[in-house]
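Below is one structure, written out as structure tokens; the observations come after it.
As written, the chains take the letters A, B, C, D, E and F, and residue 1 is the first residue of each chain.
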């Protein structure tokens, strides 16, 4: 089975730089796949992306080496399994707030007897290879989003679910849940402390820790803090910021 | 009929900053339409965009004030008229190399007796308003691309075609046609001189002059040179460059 | 944040005329958005519309002033939130049969601490404005469908859920649930009485009341009865009826 | 090969009521195909329809008995043949202004030795049947649009092209070409006379005559005048008019 | 209401040969619908098919006589009802592991008082006919997948749910659940015995029994064993196997 | 620049087995790309494929090693260039009947000074590499279809056009043009002789010769005859034949 680059980087002690796709187009996904990301996540939650667009984007990513991941809209087994069948090599699941939710999520990503994933990885076999079934449970990544006060309360329970590979901090929702406005660069102590606590707890449980960042500089800071996996804003934000900067440069003398 | 912002800016003595779309998605088009462009061009020639995607993108642009333009793949009346019917407020036509080509192009954008555009602007009526027919010939912009040695030879003939509003310099093809490698920032004298000659000739004929630029800084230079309309790379280039820069920033300490 | 026209009309003591879209196309949505509806609902339940089509339709509606609403297929937080992130300004939720269902529905539409909506309104920010987060909880409309005998039994419980703005009577299902064939113009006393009871109860709880109508004449009757929000059939029914009438007129002498 | 209903109706001395599709959706096409049209035309010229949408619409029409036709954007063999291969049973071609244009159009619809259509009717074989090749030249309808002053001048030449089945009057363009504003219900004598002349000439040459109408009443008048084939506005116009009428009815007491 | 061919074949004592679609395209669906299948299932679980593609495929199938079925991704009422509204004449539901799951599934397919399906069969009315409501509960097929050890334990409970028409054996998952690698041609006794037990139990409860097969030869064996409904691999497998065989034949002398 | 596998195989004295895609879906294209084809052609002429679908299919093919080619609908520079920009590595052009047509076709595939291709290979740069411009003229394949009596008459003129790489025999059209019914396995002497003549002439001019075959066995025969490039039916034919065979096998005892 084709290797999971995220696992390889982590095994080598490295940090994972993850791209994030919200634009529903195969071409922009392919453009992003030609940048030097270790992995690229198709965001089916807040991105403007549904299943059909996501498959197209996964195909575009598959023309290159970056490992394709998805974020699903909600902790529902139907779509989680459908995205894995379509060739995603890992799932970021939002709003994993307690142990039962985490077990349901991880179980949806694993074949029996470990989990309850249904067998039929049609495009997974094309992308992963003919030995997909033998290695899928060890290759597919599971990342549970920790992004509410409730999840903080249940952190140890969540982190001890067998088969969970990593947590992923959702900064917008975590801020909101802790009574602060949403931001990707939080400064309120309650949020800052919560992030540090989640990071420490993940590592204590032998799990990797990922986080959503406002861009490359923010990611560098998170890597320095100890995070193992950082997403750099998303394609739409990058595009908007670049366009804004170029317009300003064009109008410098107008 | 809704006004054409490009005409308004020009009438006020201003310069037009034009966005350029190659990604076939309504969402990225809408993101770009929320930046401060005067006009946005959907590129059906080199962009990964066909008619169906272009209509979606025109609808997305129509949620905002920037005037929607299109570049068509070739000088063919069928698609030129189809894009105007879909609500485009101007057409950039590639490879206008002689007077007959220019007449065919401009005629396709104008109703009789000026031209031979077929009547039936279904979405044009929605976007432009119920008085579309009365004002379309005066509102729709025609920009002929000057991008070959042949066009340079026929420049005066091309520029004197009634109804032509502007020329648009295609730097990649002009460079290639003059024996140089394609670039958006040419330095070879033969290309530099050709650009200056086209600009001067256009203004001599009372026409506006547009050009494709590598970005905002390049556009500022072209505005200073006298150009009236500058396109800033395209969405895919902006995205790629932004992603590359952010990845480098993220990996600064790795 | 851009205002919600439905709330404005209601605040002014007016009645809301709502369009209803079942055809999965941006163009027909845009045609409908050029009629004088106060709001237009994209129907993802019985309409032939999925998420991708719905986003295109929301973009088409956004070219005009009518407020965009959606009906979701089922009371599931994943798609409810995804449609709000895509710019819907209100949600009509089917089969809200008890208080817990209503709480789950309303909570999915509200950020903490009121609800549990996940933050990330990508297109919502474009449509609503940069201050979306500050005003979303007060701007987004929640309409719970009352359409079963079970819901009638639990009516007071449902109507007293904090954050619920209105109920919406589903006539087909209500008729079926009460043992009658489905119709948009019911005459059976049990259905007629149930409608009146729901209307009265909604108003008693300080909520607005909406209902699906067979067309304009039916809506006028419902407005006279006291309803605050009426949907006029759907685009497919309007089209079929118009085509049928025109064919008959064409064949009058054949 | 499946029969062409238009030919059957005409052979029986009847009049053809034709539907017209501008909305790019399979569902609205299927709704229209459930009305009592003899034929339904997918409009790829002024409609918001491209090839991909048109194929979907042809499939939707094929669930019913009405014969599927297309109007192409321009007199170009590539797309004419592509639509026939996709199962269209006839082509309405715009802007047939002289004999050479008519020959090019008709030739694109006929296999050698009559014409130069390329063989490979993939969906045509599914829709028409395994004996498609043997009967296609006799089954496929060719309708040349007469809609310019130039075409009026060349009328006899155009009408005498072998293999042409019918003409189709484009009222908007004919009006514009004759110096009048576009309308589907012309009253200017120059246009009225031209219509009568085209009708008479078509019948003199043994051809059928079709025309675009504003609706059923207009079509009844055209049938009475002698026309053999009438199109009833289009789906988008029917929808807009129906919505407008229902909104007015809903607001009668507001 | 249009009859259900599967029910007709079964009523006549026949066996149903079912096609299976994983390729998200209307054209391949139409090609398959021109083969001699009794029914064709659009697979929204493991197939690369979402709602939008599925509707297109149902329309393509509706051009022919084979009865359209769907397999849904998961036992969720929202999408089950949406597919029935779109004209599916039966639903194969995965992972029906206990009586409650079976009741939820069957209820989603039946109008009250039998079930809780919401009324609004927009395309169902086009495909089925105007009397759809009166006959839908008796026409729509429900097939529960038996594919886990848990389902085997609860078999009698599942099979006795009123309104269930048939079971469908999922061989891949059943194998995995029983500790064997997934295959469509199992030979392990534990799987072979389980299949026989499910078949016998279904017939004992007066239900029909369906199964997924590796192809025609496998299906012939299953029919001989007593199964009533056999699916022949899927379109993608058929295509891959055919291409592989033809390539080998082409290279025979290379 | 990524190499062209067809050129590599030919340079090594080998024969090219080419797949042929008529189904407009990325998934089926990817399934085909996992078979052992040397090249795969997306057919935009008779296939049910337009530009948008073709790009998706090219992306799917790009996940594997087979070289992507396209057949265009007609000899038109706009779409030929658009497909090359999208990453096609060669173009099969129908109906090349004389020298001027061949020059127009080949010129559209080559940058100046050899041809007149417009520069802007957006996806070509992703697929081919950053040095695309330097090598494109030598890498992109041009195959002119010889399929009419007129082309046979002009054969030497056509074959001597500089930059033409190969001819491609279209058997259906060649048969029709020579007065025979269309077939992929012709036996009429006039067609058989014409094929042999074209093959010999191509080789005499130093060009390669390709041909469309009914399947693998037919291709083996053509390779033995001397052809260098054989296409194996198309995906839809392979699917239909496979389904037919499997259904027969399933019904063997019914």
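FYI, a contact is a pair of C-beta atoms (placed from the backbone, for glycine too) under 8 Å apart; a residue touches a chain by one contact, two chains touch by 3 or more.
Only a predicted model underlies this, so the values are computations on that prediction, with no experimental measurement involved.
Novice: Touching both chain D and chain F, which chains are there?
Specialist: Looking at chain F and chain D together, the chains touching each of them are B, E.
Novice: If you average the CA coordinates per chain, which chain's centre is most distant from that of chain A?
Specialist: Farthest by centroid: D.
Novice: From the C-alpha centres, identify the chain that is farthest from chain B.
Specialist: Farthest from chain B by mean C-alpha position: E.
Novice: Going by the touch criterion at the top, tell me which pair is linked by more C-beta contacts: A-C or D-E.
Specialist: If we tally the contacting C-beta pairs, A-C comes out ahead.
Novice: Can you check how far apart chain C and chain D are, centre to centre, with Cα atoms defining each centre and the answer in Å?
Specialist: About 38 Å separates the centre of chain C from that of chain D.
Novice: Between chain A and chain D, what distance separates the C-alpha centroids? Give it in angstrom.
Specialist: 52
Novice: Determine the centre-to-centre distance between chain C and chain E, using the mean Cα coordinates as centres, and give it in whole Å.
Specialist: 34
Novice: Residues of chain A that touch two or more other chains: which are they?
Specialist: Chain A, residues with two or more chain partners: 22, 24, 27, 31, 34, 48, 50, 52, 55, 76, 79, 122-123, 236.
Novice: How would one label the connectivity among the chains shown: line, ring, star, complete, or other?
Specialist: other
Novice: Name, in rising order, each residue of chain C that touches chain A in their complex.
Specialist: Chain C residues touching chain A: 50-52, 55, 76-79, 81-82, 85-86, 111-113, 116, 118-123, 133.
Novice: Hey, which residues of chain E end up touching chain A in the complex?
Specialist: Contact set of chain E toward chain A: 22, 24, 45-48, 50, 52-53, 72-74, 76, 79, 94-95, 147-148, 170, 172-173, 175-177, 179, 181-182, 236.
Novice: Considering the complex alone, what residue numbers of chain A touch chain F?
Specialist: 26-27, 30-31, 34, 55-56, 59-60, 62-63, 122-123, 126-127
Novice: Would you mind writing out the residues of chain B in touch with chain A in their complex?
Specialist: Going through chain B, the ones touching chain A are 14-15, 17, 19, 22-25, 27-28, 31-32, 34-37, 48, 213, 215-217, 219-220, 223-224, 230, 232-233, 235-236, 238-254.
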